[in-house]
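Working notes, structure below.
As written, the chains take the letters A, B, C, D, E and F, and residue 1 is the first residue of each chain.
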Amino acid sequence: MASEAESSKYQYESLKVALVPNHIIHVEINRPEKRNAMNKAFWREMVLCFQAISEDASCRAVVISGAGKMFTSGIDLFDLGSDFLQQQEDDPARIAWNIRKKISDYQETFSVIEKCTKPVIAAVHSACIGGGVDLISACDIRYCTQDAWFQVKEVDLGLAADVGTLQRLPKVIGSRSLVNELAFTARKMMSEEAKTCGLVSRVFPDKASLLSAAFELASEIASKSPVAVQGTKVNLVYARDHSVQESLDYMATWNMSMLQSQDLLKSAQAAMEKKTPKDVVFSKL
Amino acid sequence: MASEAESSKYQYESLKVALVPNHIIHVEINRPEKRNAMNKAFWREMVLCFQAISEDASCRAVVISGAGKMFTSGIDLFDLGSDFLQQQEDDPARIAWNIRKKISDYQETFSVIEKCTKPVIAAVHSACIGGGVDLISACDIRYCTQDAWFQVKEVDLGLAADVGTLQRLPKVIGSRSLVNELAFTARKMMSEEAKTCGLVSRVFPDKASLLSAAFELASEIASKSPVAVQGTKVNLVYARDHSVQESLDYMATWNMSMLQSQDLLKSAQAAMEKKTPKDVVFSKL
Amino acid sequence: MASEAESSKYQYESLKVALVPNHIIHVEINRPEKRNAMNKAFWREMVLCFQAISEDASCRAVVISGAGKMFTSGIDLFDLGSDFLQQQEDDPARIAWNIRKKISDYQETFSVIEKCTKPVIAAVHSACIGGGVDLISACDIRYCTQDAWFQVKEVDLGLAADVGTLQRLPKVIGSRSLVNELAFTARKMMSEEAKTCGLVSRVFPDKASLLSAAFELASEIASKSPVAVQGTKVNLVYARDHSVQESLDYMATWNMSMLQSQDLLKSAQAAMEKKTPKDVVFSKL
Amino acid sequence: MASEAESSKYQYESLKVALVPNHIIHVEINRPEKRNAMNKAFWREMVLCFQAISEDASCRAVVISGAGKMFTSGIDLFDLGSDFLQQQEDDPARIAWNIRKKISDYQETFSVIEKCTKPVIAAVHSACIGGGVDLISACDIRYCTQDAWFQVKEVDLGLAADVGTLQRLPKVIGSRSLVNELAFTARKMMSEEAKTCGLVSRVFPDKASLLSAAFELASEIASKSPVAVQGTKVNLVYARDHSVQESLDYMATWNMSMLQSQDLLKSAQAAMEKKTPKDVVFSKL
Amino acid sequence: MASEAESSKYQYESLKVALVPNHIIHVEINRPEKRNAMNKAFWREMVLCFQAISEDASCRAVVISGAGKMFTSGIDLFDLGSDFLQQQEDDPARIAWNIRKKISDYQETFSVIEKCTKPVIAAVHSACIGGGVDLISACDIRYCTQDAWFQVKEVDLGLAADVGTLQRLPKVIGSRSLVNELAFTARKMMSEEAKTCGLVSRVFPDKASLLSAAFELASEIASKSPVAVQGTKVNLVYARDHSVQESLDYMATWNMSMLQSQDLLKSAQAAMEKKTPKDVVFSKL
Amino acid sequence: MASEAESSKYQYESLKVALVPNHIIHVEINRPEKRNAMNKAFWREMVLCFQAISEDASCRAVVISGAGKMFTSGIDLFDLGSDFLQQQEDDPARIAWNIRKKISDYQETFSVIEKCTKPVIAAVHSACIGGGVDLISACDIRYCTQDAWFQVKEVDLGLAADVGTLQRLPKVIGSRSLVNELAFTARKMMSEEAKTCGLVSRVFPDKASLLSAAFELASEIASKSPVAVQGTKVNLVYARDHSVQESLDYMATWNMSMLQSQDLLKSAQAAMEKKTPKDVVFSKL
């Protein structure tokens, strides 16, 4: 379905990136032999990858999934543990200073997904543990397979989840009682509960049908005006963090330029001619 | 069920307003021959109508529905398109300036529903498209028929929805994954999914039973102390946009006068006498 | 299951407090002959009780339930009514000043639950009315029995709910339409609907199985690192009231000391040895 | 210096409005025989007047001053007192409800100055009392005469100033100690102190030189690109109420259209030709 | 000038409290032999003292000064150092947990001044060092003697000032460049500079004239309606921390009850009879 | 006074960086032949330079000044104009999209100064125009020469200043009337007025004495505990953008690790031995 990316800019150690027809990019966490554990390369390359996608005018939607048998087992303790567990400093304040920098860097790894204005669809199969939940909480839409399960694992490692789950998950699903329970107990949540609580929009029988549906969704989104879609993402993220009144003001200020787009004319004309956006060619963005 | 409003203040071109017994006002979008498309008159008259309702001390609850075969097909492109598509200015900055003013005006069309302190119940049947979703997101309670469907249509017109949907919908329903999907794809959501995700509270077999239930609900609300009900609305809207601590402070400041109401005494006495609010006559508000 | 608290610090008139093995405290609203109505003693003692729990390094989780036949019938009108209904002042401004102080005090009764960094599980059976909803909205996780029902009763008393329901409930459950309906109509919500809308996480056949499950959950939580669990609570509450970016920043600042904890080392080592937190002894917090 | 406004839209009872050459409007509080006391007409007409100015594309700057012997003696107690002092309702909650509406309306009287995107210069001579301070706090720049004095009068009338002074004055001048003292004591502040503390930018010997300088300043401002000047006002007001990061984001979103203005090209070209904005003709805004 | 407080509630070790005629309370930091260094008793008693003042309906204004030769030398390192310097725990996370609690407690020591609705005037002579600046930053008005000097001392002790200076000082004085310089260098600021930058409102030749003026000011404030004065303080503090629009909304909600005060009638009548608030007897608050 | 930086990491085209003894870095805008106009290299290199300084544990304070005859003439229109004035796209929405990205990048050029936790002192001589004011508004302390002048130039170029001045300047100086006047008129402000209004802390006769004093100040700051100084900067910036209560909470969370620093012990011991921080050797940070 996807051809290897010709562009040299998408070459990574921990990620496999493919350019899919119709303006879609497929990002795979690509350490299947290590259960897609998030090692140092991953934390660094995610930032590079999504910054590149942000700048890539030919991309209009992104699908992120895991290579091999599971989505991800979360943080790679063997590769990363040393960062946090062994401290060469002996002053707790200076150790703290360095830890804070590292956490901030790690947080950026998932915040780039949110800062990227192209919609990002997470397609989860099998395990999605710890850092995996941080990751998908920063995505825009979540699909999963029937065998998928989710685990906010951090308390079992003796820490509060600090790269996004505690901050984003309560704004992603509707039941606070459930969010708290997941975060306090580190229990597994199966796909069915994930669907009921709204974490994922749809559940599929297997990985193949999951990916197929995720690409179909991405394709649908990519057929629309990128000015419309990406402006929608920017303003949805903004609205999450501001009052309704502030968000309306921002929206009006945003659209005072965006409504001058040719996409509006093209789309309106298509609508009047009973066509759909798919019949329209939109310029790159 | 409803008699025509005698009062001349509720005469509009695009809206039909009826005063229903027991302090209820029924607002109908009234362009059935145009599928209740939102034309210039509508955008202007909604503001006038809800400002009048806000000032109307004999009104305690509002039901809004659509005349004819559907709730609304959304913005009337033929009537309004010219506003945005044809610009007489040739300076993009000055065009932008004018667009921003218009968007702000249009936003007000639905914000008045929220600013009106009387609870507003949306009763939706058949199609609720584009601007229709902006409208109902600003209402307090949503009921619909089994054949109802909802569509965040704007991306298909080449723009990000800018009169309320992106700002309010994510705070109305619990699943962010779903909100994003609806906004990015413009796909239809049927009544069942609308119920599951919490957009509507109840689903009814047909328009008659829908309206009947909506008026019953309005009647129930209108039987309570208006000081209690409207203070509840003011503080629910406030709480959505502020931290819990700020909202508690505002609430205490609000109730320092409102708890001096005679309604409190009347209600407490009724409660002790095993009566309900329906047995109490509350003064106008 | 629980032994009486030996410590004299947990002796109250309206509450019965028991220290349960494995770092759990059980708080019972203890006026069964008055349907656990919240009298003056209750409003005062809840603050004392939860402040003591906050300081109690041997406590890691709290279960709150009602003694006797129901969870709580809410505010005790006979005991408290006089505070609000009879005013000795004759200046409305000075009456207002005093009312505001009282409301602030009453709000603190439930805010202490939130300020307490130990997770608090509400176990609700039968009726949970008025102030009861304010109370459980401030808890972290909610379980209930099949016969449980919930009622935002305040409008029936002629006032807007002012000690937490309007402020916290919309952030606890996903459907705003439902929250509004409950608050405007004071209608009862049964356990099934409470489960569907996310107010409670699980429903149990009877009080015995409810309490058993609540203590099991508390025990599970109490087996984890208290540094991890309580840091999680602090940051979940913070995230509710701030933007994602602010919450990430706070989280990083929080964890710059907390990641220096021995609990992290102990937990990581256990994880590598395929053990669980239950095999680890954590110091008090 | 100023010719009477030909336009019928600027005819008011309490205000005298003149269109001054070079895109300037002069608004005078015009009840000199009543010491420019703010009566009902004033509170209503200020809103109408500044809404009209906002829409008036030929206006680029506003000067506001007082006719006759003083700037203003503040609220007209005889005309307005009845609104607040005599209440026909006998329910304190309903009285409160009405008072809140009136205060909100009165607040709008000065907020319109801030919402108007054209810079507003207050030129104060002699007394500026009570509501006068509320008014000038909402203006952008303040000049005064040597004999000018300012008085936050409200505590002497038994109330906290509620139409803008307490909200805006602390953000207008630098010393909080001084703001508090003025508000708690209602003492007079003379022009010299007003200059030192930054309330006014400049002090002039008499009313004639004051007005002359105010018009010169207005003229200077009006010679610049209105896109630049009014965008500056919008963003300065925004920045006062938001964090630096939020304000930068808003600014970037604002300028993405405004930097497409022809004014930029015209101004840049003038700059390269060593000309000033006065040599450029800018389109209306 | 002041008689000893008869009331037993104002008996403290580190503070000397006197009830001054006309509703004024004089609080003296009373460890002159220790240069008024802030010891454990001080941090605890300030909270008790100002909570008592808050509840004291006969008090309308507070003056705080230092007994003996200087205002205060700041934190008492010998008494308090042990709290922070010697830690019995050996887990940095648990040490951190305890430190945070202590800092929060110490912050409350000065926040009570702000929460107390009665205006608090700081009268500073000679040295005001470290914690002294935290203290006066939380007061409403600051006066000092010519020989007074101020020092943000904390960096010299190896820490960032954490009980209020960094949070409040930049909102108290107008020049950020100066605030930063003071905080980074710990240099002394003399009375003249303190006056110029707005930290203090007035400078007096010696302690006697300072106190005399402070009491005169307090007396002036105490002669006004307490409803007006204390409502003013509440709203000034609120406005510092919120946007103008939010503050206006809060103000309107506040005054909907407060404008029903008899003080308004009494004051208005006095004004019409050309009397001053001093001729009016206001009820306690 | 300063030796050339040996480190290759500080080699730039538009900036000259010198490592000054005692942990100070001197950054000079280094295009004297172009009046230090800000060209493309400058906007890019400032970010690189301050990111490097942020990571440089041997640096504790920064002085920024201009090489040659003036501080800076602001943006280099010839080098940058093309970015904004010539647009190859013909869709106003896509042009807008690109402009917004560029503005965001340019804003970062000065935001890095604020994000850098080391104090930054601006030493301004002669002209500081346009972008120069944006730059110094993001610095912590400002000194200048007697012949220095400041100009918010942007309105003369037909745009609202969008890289920091409108956002930061009103929070830097105390008089809003003055800020507005400067921004609306683009008039020059001389050093004396800059001192009076608080923009600069001190004025010096010439560039030599200015730099000498700036380095002395930097040296003073660099002699203190870097944990104390940089924690102070982080919290001062935080406090500017948050409420006092939020800032106190953040501060307590910050210091729960930072008070475990050895610097505290070293500083306290020095204080008890009547030594100053200059007698103490602090570890790098």
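Operating definition for what follows: contacts are C-beta pairs under 8 Å (C-beta built on N, C-alpha and C of every residue); 3 or more make two chains touch, one makes a residue touch a chain.
For clarity, every value in this text was computed on a predicted model and none was experimentally measured.
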Proportion of interface numbers common to chain A and chain B (over half same, under half different): different
Chain pair equivalent in interface to B-C, over half of contacts matched, among A-B, A-F or B-D: A-B
Chain C and chain F, separation of their C-alpha mean positions in angstrom: 47
Computed distance of Cα centres, chain E from chain C, in Å: 35
Mean-CA-position distance for chain E and chain D (Å): 33
Multi-chain contact sites of chain F, meaning residues that touch two or more partners: 92, 95-97, 171, 173-175, 197-198, 227, 240, 253-254, 256-261, 263
Partner chain F, residues of chain A touching it in the complex: 91-94, 96-97, 227, 257-263, 283, 285
Chain A residues within the chain C interface of the complex: 77, 81, 84-85, 87, 92, 95-97, 99-100, 103-104, 107, 111, 114, 154-162, 164, 166-168, 170-171, 173-181, 183-187, 197-198, 240-242
Residue ranges of chain F touching chain C (in the complex, touch as defined): 250, 253-254, 256-257, 260
Complex contact set, residues of chain C against chain A: 119, 140-142, 171-175, 197-201, 217, 220-221, 224-225, 227-229, 231-236, 239-240, 243-245, 247-249, 251-261, 263-268, 271-272, 276-277
